[in-house]
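Both complexes below contain subunit A, partnered by subunit B and then by subunit C.
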Partner chain A sequence: MLDRCTMDLHCYSHFLVHSLLKELKGNLIIFFAVWFLSLQILLVLLLIRATGHTLQMAYRQSLNSLDIVDLLKSSDSLSSGDVAALVYLWNPFTIAACVGLSTSPVENLVVILALHGACKGLVPLAAFGWVMATHLSLYPAILIIPVILLLGYGPDTPPRKLFLQKGYGKNGDNHSSDNCGQQETNHSKAEVTFSWRPVIHFLFWSSLWSTYVLVLCSISVKPHGSLWEMFQRTYGFILTVEDMSPNIGVLWYFFAEVFDFFRSFFMIVFHLNILFMILPLAIRLKHRPCFLAFIYIAISSMLKSYPSVGDSALYLGLLGLFLDELADMQFSFFLLCGYIGVSLLSPVMHNLWIWRGTGNANFYYATGMAYACLQIILVVESVSAVLNHDRKLRKLSVTKLRDGNS
Partner chain B sequence: MSIFLLLFIDNATAYSSHSSSADTTKHTNNWAVLVCTSRFWFNYRHMANTLSLYRTVKRLGIPDERIILMLADDMACNARNKYPAQVFNNENHRLNLYGDNVEVDYRGYEVTVENFLRVLTGRHETAVPRSKRLLSDEGSHILLYMTGHGGDEFLKFQDSEELQSHDLADAVKQMKEKRRFKELLIMVDTCQAATLFNQLHSPGVLAIGSSMKGENSYSHHLDSDVGVSVVDRFTFYTLAFFERLNMYANASLSSLFTSYDPKTMMSTAYYRTDLYHRRLDEVPVTNFFGSLKMMIERTLIDSDVQDPTSHIKTKDQNCPFTRTMNTFFEKVERIEHPDSLVNYGLILMLPLLMVSVWLSS
Partner chain C sequence: MPKTETETPKMKPRPIVRLAIFLISHSLLVCVVCCTAGVLALLLLPLLAKNTYISENALMPGSASSMISNRDISEANRLASDLSGLNFEPQDAAALESRGILTKYMSDLGAEVSYHKFHHKPNQFHPLHFFSSPDSTSSVDNFSCSAQGVNTVGIIRAPRGDGKEAIVLVTPYKFGKSGTAETLSLSIAYTVFSLLSRVTWLAKDIIWLVADSQYGEYAPVEAWLRDYHTPVFTGLGALNADTCIKIDDLYALEQKPIAQTKISDGFRRAGTMAAALIFKVADRNELLEDTLNIYAEASNGQMPNLDLINIVNYLAVHRQGLRVKVEKVLSLLDSRWLEILGEIFEVLGKVARSLNPGWKFGISAADYVEGSATLASSLYNQALGIPTGPHGAFRDFQVDAITLEISPKVSSHNKARHNEFLLRGGRLVEGVVRSINNLLEKFHQSFFLYMLTSPSKFVSVGVYMIAFALLVAPLPLVAASLYADANQLDLGVKNTKSTTTAPDELDITFRSWKWLYAAKEVFLVHVWGAAVSLLPYFICQIPNCSPTSSSVIWVSLSMLGLLILYLIAGSPSTHVSISQHEEKGEWAILKSVTISAVFIGLLLMSVVNFATAEIGALLLVPMCLMAQPLKLDMKAGKFRSLFRVICNMVLGFVAFPPAAYFVAKTLFEGSDSINMGDFWNWMESLWAWNSATYIYIGMVHLPCWALCLHILLHSC
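Showing the complex of A and B:
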C-alpha cells in the first residue's frame, strides 16, 4: 500500500515535470497557476496521509484499551490515510478544480492544515489553518467546534461511556487490588475529561493570526477603501447571495424567482439550514471530532451559497479517512453511480441550456438537485454507519466484560 | 444638460456686422443634426454610420434633447436582419449601436427634403413637437452630418428625391439671418461629397466631405455574417479618431481633419475653411462633437485629508486604544508601496508558522 502510494506520488511529480515543459511554450501565467495549484494538492496529500496515520493510531489505542483487538484483522492491509490521500489525488473533481484554475485547492489546503494541527495537537498550526480558512471563505468558521473538541479530547475514539463502563467493571471485580482499580478509574476518568489548556492556547493563537491577517488586509485595502467595505464585499457577498449565475448548488434557482419582499427571510432560512445542524451533530458526535469535521465540511459544501466541485473534492477525500468505521455503509454503490452520473450529466445539461438553447434552466437545476440529494444520502448514511459501528463496539466490549467477569 | 463655459476670446478682426455680432456672442450650447437619407437593406452601412456618430456624440456629452436623429429606414427591426434589434458597425460585433438608449426623431418616410429643410430653418407647422425642432439660438454650435448616396451637387433622399447644393446653401443662409447658429460644421459622407457645399456663402460655416468631385466614397468592409457592408471608410476613420477621446479631451479640429489619409480612405477628404474665421488648431473637437464643460478649480487634496483625522484626534484623545488606532492608521496612510509590504507580510507568514509550530511541539 505504501509502495503504491509513493509510486502514485512519483507519477504525479513526473506529470508535473511534463506539464512544466509543455506549459513553458504556452502562457506563462497559466503555467505558474497550474504549478501552484498542483503544489497545494501535493501538500494536501501529505497532510491527509499524516492525519490518517494519527487517526489510525488513536483508533488502535482505544480499541486496545477496550480489549477489542479482533476488529482490526480486516483493516491491517489498508492504511486509511493512504487510501484517503489516493482518493483525493485521483478524484476527478480535484483534477477539474485544478485544471479550471480555481482557488479551491488553496482553501482545501488550509482546512486540512487546521484539522491536521488539531489532530496532532499542534495548536499554532490549527489556529493558522482555521483563521486562513475562515478568511478565504466564510463557511469553515463552523469548523471551530470540531477543532476545539479535537484539541480538548484528542482524536476520534469510541464513546466515552465504554471506557467508563470498563472502568466500573474492573472496579466491581477487583476489590482486593484497590490500587490497580483506583489507577484504572483515574486513568479512565482522565480520558473522559476535557482539557482546557490547548483550547485557551488555540484561542490565543487564532486571535494572533487573525490580527496579523487583518492588519495585512487593512494595509492592502487602504488605497481603495476601508476594511469594512472589504468585509461587505467578501462576506457580505457570500451571505447576501447577490449574484445568481447558475452553479451546482441549490440557491441560485430559488433566489432568481423569490419575491423581493421575502428575499431576506429566505436568505436567513438557507443560512440557518447549515447553522441549526451544528449543535445536534456536535452533541451526538462529540467523541469523534474528526468525523464531525468531515460532516460539517460535507454539509457546508452542499448548502453554501456558491458551491463548487473543489469543495466536494475535499470531503470525498476525507471520506477515505474513516474506512474502518464506514466499512458497512449502505448504498455505497448507488452513491458512486449517482456521483458519476451527475458529474457527467450536469455539464451536458448546462451546455444544452446555455449554449445550444434547446434545454432550459430546469434541466440543469434537476442535476443540481440530484447532486444535493446524493450528498444528503452520503451524509445521513455515513453518520448512521458510524453510529452503528459505535453500537457494535459497545456490544463487543459489553460481551468481553461479561466474558471477563464470568 | 449643458453647463455654461465662460471662456470666450474676442476676435478683433474687422468683418461684416453679422460676423462681428456673431463673434461677440457667447458659445452657449451644442446641437447635432444627424441625417441618414438611404432606404433599403443594402444601405445598412448608412444607418450604421449615422448611429455610430450618434453614439459618439452622446458619449462625448450632447444629450438627446439637443440631437435630431433622422433615419430613413429601420435596419434594426428589418426582416432581413439576422440580429434583431442590433445594428453593428464592425464585423467583430463588439458594439451594438442600437442599444437601450436610441431616440430617433424622424423615422422612415418622415425623412424628406422638405422636413430636413424645415428642421434647419425652423419653419414648422404648429403641431410639430419640440423634440422634432432644432431649437438652437445664436450661441449654438451645430454639427450637421449627412450620409447616403450623392453625386455632383446633390444628395439623394429615400431613392426618390434630391437635396441640391443650392437648396442647402439657401437654408444655411436663412439660418444665419435668423441667427440660429454661431458656428456650423457640415460633415458629408457620400460620393462626390465636397460638391454639396460648393454654393455655401454664409460665414461661420466649416464643411468637410469624404470625397471630391469625380471620386466615389467607398465602404470599409463587408460583414459576411450580416450580409452587407457595415460601415463607410470616412465614418470609420472618424470613429477611430473619436474612440480614443473622452469628454475631457482637447484634440483640435485640425488633428481630426488631417487624420484622414487619402490612401487608406481611397478618396480625398476635402474641407472648406474659407468661411470659418478661427484657426482650426485652436478649436477643440468637443466644440461640435461634445458638450460644454465647466472648469472647476480643485484645491489640494491634502488639506481635505488632514482635517478629519485632526478632528477625530481632538475628540478622543483620552482613550488610548483609539489613540493607538489613529497612529496606526496614519502610519498606514503614509506607506508608499502597500502592495509590496503586503507581499512581504504574506511570505513572512510561512516561517512564522513553522517557528511557532516547532516551538510549541
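Showing the complex of A and C:
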C-alpha cells in the first residue's frame, strides 16, 4: 500500500514538474517549490496514514471491548488510513493547490503533524505542530481543544457511557466469573478517566515551542520592524479582512458591501461565529477528539477570512479517516455532485465576471455561497452520521448485553 | 432505554421537504410536463421578444446634425481614385505604394500614423483557451517571414480628451489586390476620419485601423489587439529586425517617398477602447435599397452590449433610411410547420387580446416565422462559438464591437449615387461615433446576454433562461427519484416502514456509498471523452491526411478506446460485493449518476455558452430521461415499452454527435452533399476557433451518449 502511494506520488510530482516546467520555461525556483510541495504532500500522506491506523486500531479495540466485533467484517478490506491518504493525494483540490504553488500544503502538514502527534501520544510533536499551525495561519489555534482531548482521553472511542454500562453489566453478571471479562472491565474503566499528565506536558511543550518561534521571529524581523508589527501584518491581516479580492469564501463580498461604520461589528460577529461553535461541539463530541478536529477544520475553512481549496483538501482528506463511522452518511452523492458542480462553476463564473465582463460579482459570489452551503451540509451530515453510529453501537452493545444476561 | 429512541413521534417534515418529496415521487409526470413546457417556451421566444430601446441616456443618438460635407467626400474620392489607379502594377509594389498613399492622406489630416507588422500563424489547439486570458506569450513563437502582414494605424488625438479612451474604426483592406467594394469602404472610413480630424467635440481618441486582410479579416485585427494590450518594452522593431530582413528592406524602401511625413517606428496607442466598429462594403448589390447587415456574435456566444446595436439600428433606420438586417436561417423562412405554428400563435394572440386588450403578445404569422428564423440563426451562431467577423477579436478584450456590412443598391458607377452612398455611410458612422463619444463609462447599461429576433427586437437572458430551466429541471428530480428507488430510501411516503426496518439494519452497510461504483464508471467514461477530444491534436500531426480519413481514424480510435475501457474496467466482475438484490438497481444508480453528470455539464455550459447548452439539452435531456435497458422493455412487451424502445433507438442515434451533425445538415441544406469529411472539418473549425462547444461535445455530450447507450444495452 505504502509503495503504491509513493509511486502515485512520484508520478504526480513528475507530472506537475513537467507541466510547470513547460509552462514556465524551466524556472529553477519553481522546480524546487514543486518538489518542496510534493515533499509536504508525501509527509502529509504518511502522517494521515499512520493516524488512520492508530484511529482504526483504537476503534477495533473499543469494539473488541464492547464485544461487537462482527460489525467490522464488512469493512475489513478497507483501511481508513489508506483511503484518507488516497483521497488527499488524488483530490483535485490538492492538485490545484499544488499547481498553484499555494502554501496551504505546508499549513496542512503542520496541522496533520499536530493531530498525528496527539493521536500517538507524542506530546512534543503535537505541541510543535499546533504552535506552527497557529503561527502560520492562526485558525488552527482552536485545535487546542481536540488535541488536549486526544491527549487526555486517547483516540476516538464510542461514548464513555457505553463502557460504563458494559462494565456494570459485566459486574452485575455474576455467573460469568472468568478473569478475562473482569480485566476488560477494568481496562475500559481506566480508559474513561482523563489523564492530566500529557496535557500538562503539552501545555509546557507548546509554551516552549511558541517562545522558541517567537524568539526566532523577533530575531528575523528585527531589521524590518518589531514583533508587534509582525503580528499586525499577519494575524491582523487575517482578522481584519483587509484584502477583499474575490476568493471562494463568503466574507470578501460581505465586507465589500457593508458600511464602514458597521465593519468592526460584523468583523467581531463573523469571527465569533467560529468560536461560538467550539464549545457545544466539544461537549457533544468529546469522546471523538479526532472527529472533533475534523469538524473544527471544516468549520474554520468555511468561515475563515481567506479560504482556499487547499483547506478543503485537508478536511476532505481527513473525512476518509472516519470511514467506518461515516459509512451510513446521507446525501453523500448529492455532496459529491455539489462539490464537482461548484468547483467547475466557480472558475467559469469568475471568468465571466473578470475576463469577459458580461457577468458581475453576484455570479461568482453565488458559487461561493453554494460552496459554503455544501460545506455546512457536509459538516451537519457527518456529525449526525457519527452520532447515529454511536447510537447504533449502543443498541448493539445493549442487545449483546441482554443476550449475554438472558 | 433504547426503546425510547425508536418510539419518538414521527416528525412531520417541513413544507419544502414535503414539496420536494412530492415532486420526486411524481417525477414522471413532472418530467413530461417540464420538457414539453421547455420546448414550448423555446418556440414561444419570438413572441416574447421585446423591442429594443436605448438604455444608456448619455448616448443620445441622432441628437446632433451630421457635419460631413462635400469636401470630405471629394477628398475620399480622390483617395479612392489614387488607390485604384495602382491596381494594375505588380502586386507587391502596388501594396507598398497604396500603403504609402494611404499613409500620406492620413498624416495630411494630422493623424499619427504607424505601421503594425504581424505574423499570420494558423490557429492552434488550445483546449483550455476559454479559461485563460488572451495570451501574450504566443508572439514569441517562431514564424515564417512570408506570412507577414502590415496594418496601417492612424490615430487622431481628441482635442477635448485626456487620451485615456478611444474609439476604434476598422476597415479590412487587401493592399494591392483590393476590389471596388473594399476601396469604397476605405473611402467611407476616410470621409469620417477626415471629418473627425476637424471637429471640436471629440472627447475620445479615434483609432483607424486599416487591417491588412490578405490572411483573412480576423487575424490582423486580433494580432493588432494583442499587441495593443501587451506592452513590449524592448520595441517591436528590434524584436523583428533580425528575423525578417526582407520585409524590413521593403519597409525602408517604402518609407522613402513619404520621408517628409514622420512615421513612428514603435507601436502607437491611445486609451482603453470604448467601442469598435468594423465596417465594410459588401460586394453584392441589393435590389431594393441600401442595406445594412449587422454581425455581432463573438467567440463562445458572447455578444456586444445591446446598446451598441441599438444606436446603429436607430441611426440607420431613422436617420439614414437604410434597411437593417441580421442573419437568418433561410431554410426556415419557407418551412411549413413554422408557418402553421405562427398562425396558431396569431389566433391565440387575437383571442387573448379580445379577452383583455392589455395582453398584446400576438404577432402575425409572417413576423413569427421571420423572428424564429433570425432567432435560430442567432442561436446557431452563438452555439457554434465562432465569431462571425473581426469584431470577435475585440470581445476577447472586453471591447464591444460589431461589424457593419453595407450593401449598396446598384453598382456605384453613377457619380451622384456614389457620393450619396458615401454620405449615408459616413453619416451613419459619424453618428455612431458621436454617440459613443458621449459615453461617460464603458457600455454597461444594457444587456450582454440576449438573442436577436430582428434588428429591433431581442430576447433577454431572463426570458430565454426559462426555456432552458424548464428543460433541465427534470434532471435532478429524476436523478433523485432513481437514487431513492435504487437505495429503497424511505422518502416519507411509506411512513410505517422506517421504524420496523431500523433495528434490522444494525450493520455497517455502506449502502449510502453504493453509488461509488456507478460514479467510477461515469468518471471513466468522462475520461474517455476527454481523451477523445484530445485525439484530433495527434491526428492532425499525420501528414497528408484527408478530412475523410481523419474522421474515420478519429472515430475508430475512439471506439477502440471505449472497447479497451470496457474490457478493463467495465466488466461486472470488478464489483463482486454487490449482492443479487442490489444488482437490480445497478442500472438505475448508473442512470442517476449519469443524469447528475449531465445536469452539471449542462448547467456549466449554460453559463459558458447558453446557446450550446440549449441545443445540447434538447438532444440530451430526452435521451437521458428515456434511457432504460432494452432488455427490460423487450421483456415487458407492452405497447408503452415498445414505444419507449423505439424512442430510445431514435434518440440514441440522433444524439450521437456525427449523426446529429449530418441529420441537421440534411434538414437545413438538403441531402445532396453528405461527406464524412465535413464533420471533421466542422470539428476542426470548432477547435481552431477555441470554441467551448468543442469541449462540451467531447466532455459532456459524447460521454453522456456513451453512458446512455451503456444503460440501453445493460444486461439486467
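The rule is short, and it goes like this: the second predicted complex is superposed on the first by the 367 of 406 C-alpha atoms of A that agree within 3 Å, B and C clash if a C-alpha of one lies under 4 Å from a C-alpha of the other, contacts with A are read in each partner's own complex, and residues count from 1 in each chain.
As a convention for this text, contacts are C-beta pairs under 8 Å (C-beta built on N, C-alpha and C of every residue); 3 or more make two chains touch, one makes a residue touch a chain.
Bear in mind that the values here come from a model prediction, so they are computed numbers and not experimental data.
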Combined model on subunit A where subunit B meets subunit C, clash or fit: clash
Partner chain in contact with A:Pro223 - subunit B first, subunit C second, else both or neither: first
Which of subunit B and subunit C A:Phe128 touches, first, second, both or neither: first
First, second, both or neither for A:Trp355, with subunit B first and subunit C second: second
First, second, both or neither for A:Val398, with subunit B first and subunit C second: second
Partner contacting more residues of subunit A (subunit B vs subunit C): C
First (subunit B), second (subunit C), both or neither touched by A:Leu344: second
Touched partner set for A:Asp324, first subunit B, second subunit C, both or neither: second
First, second, both or neither for A:Tyr212, with subunit B first and subunit C second: first
Colliding region between subunit C and subunit B, picked from 220-228, 238-246 or 328-336 after the shared-chain fit: 220-228
Residues of subunit A at both interfaces, subunit B in one complex, subunit C in the other: none
Of subunit C, residues touching subunit A in the complex: 1-2, 5, 130-131, 133, 302, 395, 398, 448-449, 483, 503, 506-513, 515, 519, 592-593, 596, 599-600, 603-604, 607-608
Contact footprint of subunit C on subunit A as seen in their complex: 71, 74-75, 324, 327-330, 332-333, 336-337, 340-341, 344-345, 347-349, 351-352, 355-358, 363, 391-392, 394-396, 398-399
Partner subunit A, residues of subunit B touching it in the complex: 332-333, 335, 338-339, 341-342, 345-346, 349, 353, 356-357, 359-361
Complex interface listing, subunit A residues touching subunit B: 117, 122-125, 128, 201, 205, 212, 215-216, 218-220, 222-223
